[in-house]
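Letters A, B, C and D mark the chains in the order given here, with residues in each chain numbered from 1 onward.
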Amino acid sequence: MIAVFDDAAIVAHALAFEAALARAQAAEGVIGADEARAIGDACTAIVIDAGVLADEAALAGTLAIPLVARLRAMLEGHAAAALHRGATSQDVADTVMMAQLRDGTALLLADADRLVGALAVLAERYARTPAIGRTLLQDALPITFGLRIAQWRSGIADAADRLRTEVIRNAALQLGGAAGTRGGHDGRGGAVARRMAADLRLAEAEPWHARRGGVCAIGAAAAILIGTCGKMARDVALLAQNGVGEAREPVIAGRGGSSAMAHKRNPTGCQVALSAAMRAPGLVAGLLAGLPAEEERGLGGWQAEAPIMADLFLLASGAVEAMAIVAEGLDVDEAEIARNLAAAGPSRDVGESAAIAAALLTSNTKG
Amino acid sequence: MIAVFDDAAIVAHALAFEAALARAQAAEGVIGADEARAIGDACTAIVIDAGVLADEAALAGTLAIPLVARLRAMLEGHAAAALHRGATSQDVADTVMMAQLRDGTALLLADADRLVGALAVLAERYARTPAIGRTLLQDALPITFGLRIAQWRSGIADAADRLRTEVIRNAALQLGGAAGTRGGHDGRGGAVARRMAADLRLAEAEPWHARRGGVCAIGAAAAILIGTCGKMARDVALLAQNGVGEAREPVIAGRGGSSAMAHKRNPTGCQVALSAAMRAPGLVAGLLAGLPAEEERGLGGWQAEAPIMADLFLLASGAVEAMAIVAEGLDVDEAEIARNLAAAGPSRDVGESAAIAAALLTSNTKG
Amino acid sequence: MIAVFDDAAIVAHALAFEAALARAQAAEGVIGADEARAIGDACTAIVIDAGVLADEAALAGTLAIPLVARLRAMLEGHAAAALHRGATSQDVADTVMMAQLRDGTALLLADADRLVGALAVLAERYARTPAIGRTLLQDALPITFGLRIAQWRSGIADAADRLRTEVIRNAALQLGGAAGTRGGHDGRGGAVARRMAADLRLAEAEPWHARRGGVCAIGAAAAILIGTCGKMARDVALLAQNGVGEAREPVIAGRGGSSAMAHKRNPTGCQVALSAAMRAPGLVAGLLAGLPAEEERGLGGWQAEAPIMADLFLLASGAVEAMAIVAEGLDVDEAEIARNLAAAGPSRDVGESAAIAAALLTSNTKG
Amino acid sequence: MIAVFDDAAIVAHALAFEAALARAQAAEGVIGADEARAIGDACTAIVIDAGVLADEAALAGTLAIPLVARLRAMLEGHAAAALHRGATSQDVADTVMMAQLRDGTALLLADADRLVGALAVLAERYARTPAIGRTLLQDALPITFGLRIAQWRSGIADAADRLRTEVIRNAALQLGGAAGTRGGHDGRGGAVARRMAADLRLAEAEPWHARRGGVCAIGAAAAILIGTCGKMARDVALLAQNGVGEAREPVIAGRGGSSAMAHKRNPTGCQVALSAAMRAPGLVAGLLAGLPAEEERGLGGWQAEAPIMADLFLLASGAVEAMAIVAEGLDVDEAEIARNLAAAGPSRDVGESAAIAAALLTSNTKG
């Protein structure tokens, strides 16, 4: 996930934007095929010191200016003039961010599948294991241990579904030009945009420079996914308490030790997910704050999104992966489960736990 | 919208829950038809001082306890025993909240339709009016004034769509009982829940006491809707500046005056929407913070949701309605638009503004 | 606390503002003594339907306009002209809010003193009671039970100190007039403001219409106080778990029951504080979002503050009071403490727990 | 500022912690002078690949474990046993963070002084320049241009003061050991901590592992400073609009250009500050969310703080520096100021603008 959001990825997506723009414009007759080829070659051949470029971008307020300047210096006459035609810095920045979110989501969903699968196995394994259910942190009535796990799984699977849906819908190409009118394409801007979207594997959209609801929706979906991992983490950490002892994280070499207490086994995976779940809500607030963007392209709001999104996706990746490892190796102590259940009273009536868990395992679409 | 979230509505939905539960249990043979009838009659006949009940609920930590006690006092023997059978306080609280969100969303969507419709009219009216586009708060290149408005409309319409979708999906009945196992329904809990959901016009779901992703998604969708109204409000306020003068809020008797400057015409509708857009992000953060709920029913998280949701929906209602009034009476000054355009330079090339605006007006599903 | 923030309090503070303004202007010779007396009499005599006024204020975008109109209708000639002279709506609104925050803080600090005092008693009582300390939700090494409580107390006391300091410093009169220049006072605006501040028991300040750092600092301090109550609540709820059993909330009639499980004793006071601690962070984010206020008096930001502040102070009040009740009646089980300690191992070495606890009890000013 | 928060700084502070701990323990007779010297030498001699260490720390859940292991491998017998005695991972992590916040604050305050100084010069220069004041984004009444600037300065200076105060008070050494009892120092833990605090130039405090109000207060103060820069940035961006034209950012080579419009001069410094002001509120929410830390040392909350704090300080640094550059070169257009004032009406009465501005320039302590 770090590679999805690092400087090299940003530069690669930005170069892909410029090359795809030229190809699409050539296909639509806006620029010549030779120019497009020269631009594409320059995008391939260019060697960039990402650190130096990042410094220049910070000064310029945008990556596109120094990057386009470098490319233009590699090109001659018509090709130099054809480069970046009809595009603006934000077209590049937004398209880069959306390509990153698409790639990051693919990684996240792969890890989420792994996590959801591992939880399904656990939910089946403990489908008939009675355990005391706890509400408001107090012993309540019996459940099955598998129902608890099926609830984790369902929350995470639903959240992953929402993220997938929002990304498919909103991870769109940006191509509007300076004022969002698609000027500079000889009236072929819509067709150019369609070609580019297909080329870059992004959704099509009318220019959305100052219309950021889709970005916010992706960010909120990522935060919900993080929070559902935090829910599982909270439970595992509570179950791992010495006075409870029903489940513990697996032992991983180098993980969960204490610098002061050699015997201690800390819920370090849970810590990763819970820490992410504390940071994510505020990050979403930062995205939402940018919605009232000024006029055709705003000042300060959209520029805040990319680092927030990188943080959200890195936190999500850490949380989902940590919980996948925990799920795959969860150390369940059936004797302690039975002991705690007995301590809570004689009842073994788990109601319809099994049916509910089964329903939760077959569907991601409820609740 | 205030009526949707006031104490009387809460009590009415809670009584509807208890009556529907009894009806459904009677239909499934869990309780007798006479008991169900007596419970239903009590729910109809009961007279409640909402203020006194609210105080008792605050002390008890939940509304259901004092409400059920009152109903039980009205019932005899079997009916008293049958009341609230298999249900827990959170079943009532969550079902009440979801009924409120469904009702609140209906109101919001009606206002949003009005707003979106008014913006479509404006976008058509100014479809060919060239205006200077502004980016980073600087004059950039020409657009059509209608494109700017079509962008507002599209952002708001998309956000309204997302809210509708999330509410349809997630505004679900809660029926799980004390530990979320649907005990106490003689094994008919699933069927009882299906009947109740249909009866109360809510989605079906397995118990979701500690699985709050759907709540968060509804809240995030409402906040995005608020933010898209804030975007329109930001633009109208900027356009209404004395040095710009392209559009102003309509004059409404009693609105927008100044206690110190009688001549002044303040953008008060924009103020409502912008103020809402500043509060909404933090409210969503408060919802997301509750995702890591403890075990079968958490402590503190879900209890924070109902007041946050009421705030979000009241803010959304205020913002959407304020912008509807602004859109319906927007005072556009074409002479100023032309003057500002001329001041920005000779170009009148609005690119593909008309085509983009037209596409934005026919679809809510992009971006 | 509800009375501090209700509509009646707002109207009373607004009337006090207008009367104090007239008195101060008369003392400085800006208006006549007769006019000031007439204005003061009108402020005393006026009978207001707070609900109707609130509706008009919502429409006008500010309370001052309809309120001043009502007062003016009660006055004749010179007095009518003298009313509200040199003041603007935001002067009234900001002064009202600050008076509320001062009053609300007084209540909060009284409850905090009660809480801090009760915790000091508990910390002394258990100063030598060894208990197992827990870190990352795992048993770690022995502490004294009193040290744990002294930590709660110190966090809360520090937070109360910060709130007191920020309110003393920042709960200031607002008097700037329409553009924050103190026009309309015949050059005596500074002196008028000093008199008014003394009269209304608020700090003096130059006009701060668009300088909201002090408001944010008060809000952040309130949120930190809420969070420190949440810390105590989290611990009590964890200690009250059936598998731990070291402490429980006191039994309060009507509190903490379960609608489904009659035997259950829920940590309802902890729920209040934890729920507040989940909402407070987002509310502070809402305040901070308004800092970049536009020009001399902004649009949307400061208007969002008053409802946020009311929420924060109501939540703080609920949290502090709930924890005071818990502290005053905390049900500590020394046998369980001893049992859990023994289960964790043979060590009884509590290090310097007693000295640390003693230091924490004598000082609020560290950490 | 990047250097204050990078991996190398973290390692250097962590090594300084271990060396200072050994020195202080030797001075108090807890360990031998030879052991302390050997530990100090190891801390000096050690060569660390920060990237590899960071990976191991991420796995372990804490930096201290792999770092202490490396140091221990360099030591023999008694010195190896004496290393890290009485300390826990969080002691190191918290002390490192506080050293970073102290260093970061020093940089921030230096930049803030520069900014505040430049604004004072501007406020004096335009102390008698009448300008139209604007409220709710509408022309209101005349002010002096210098008053506007004095307000910016006062807001920023107050915020810098608050940050300084909170850092002096709360940037404290952490030394508590595994359970916060200062075990393992032979009863000399308090004295060891005092020596270490002096040695490392940090405040003294009783162990504060789960008492995080001070951290939150520093973070809130940093966010308020960011927001006050955002206020200045918002105003400069509004003043720089083509229809206003009263002030513009200075021209900086490589900054503020447009990739699509060569003539454009974007307010890029304002963009930096406004973007920071949108991100900061949510970051503070993330800090506050961690206050209800579990028991003696919590799970997930404090671990979220360090990256949030690094973000906040980097954003603050960027915002303050950007505004310092803007202030030092602000391009004020007195002709446009006069033109806009004339357009707003005949009044030139600026009230007590000069006196207010003068008072704001002499004091940071009001409002």
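The working rule: a contact is a pair of C-beta atoms (placed from the backbone, for glycine too) under 8 Å apart; a residue touches a chain by one contact, two chains touch by 3 or more.
Keep in mind that this is a model prediction, so the values were computed, not measured.
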| item | value |
| --- | --- |
| Touch-network distance, chain A to chain C, counted in steps | 1 |
| B-D compared against A-B, more contacting pairs | A-B |
| Separation of chain A from chain B, taking each centre as the mean of its C-alpha atoms, in whole Å | 26 |
| For chain B paired with chain C, centre-to-centre distance based on mean C-alpha positions, whole Å | 28 |
| Chain centre separation (chain B, chain D; CA means) in Å | 38 |
| Chain C, residues touching no fewer than two other chains | 88, 134-137, 140-141, 177-178, 230, 233, 237-238, 258, 261, 266-267, 271, 274, 277-278, 281-282, 284-286, 289, 299 |
| Arrangement of touching chains [line / ring / star / complete / other] | complete |
| Chain C residues within the chain A interface of the complex | 134-141, 237-238, 240-245, 258, 261, 264-267, 271, 281-282, 285, 289, 340, 343-344 |
| Chain B contact footprint on chain A (complex, rising order) | 88, 133-137, 140-144, 147-148, 151, 154-155, 158-159, 162, 169-170, 172, 176-185, 187, 189-190, 203-214, 216-217, 220-221, 223-224, 226-228, 230-231, 233-235, 238, 274, 277-278, 280-282, 284-289, 291-299, 349-353, 355-356, 359-360, 365-367 |
| For the chain C and chain B complex, residues of the former touching the latter | 56, 59-62, 64-66, 68, 84, 87-89, 92, 177-178, 230, 233, 237, 252, 254-261, 266-268, 270-279, 281-286, 289-290, 299-301, 303-304, 307-308, 311 |
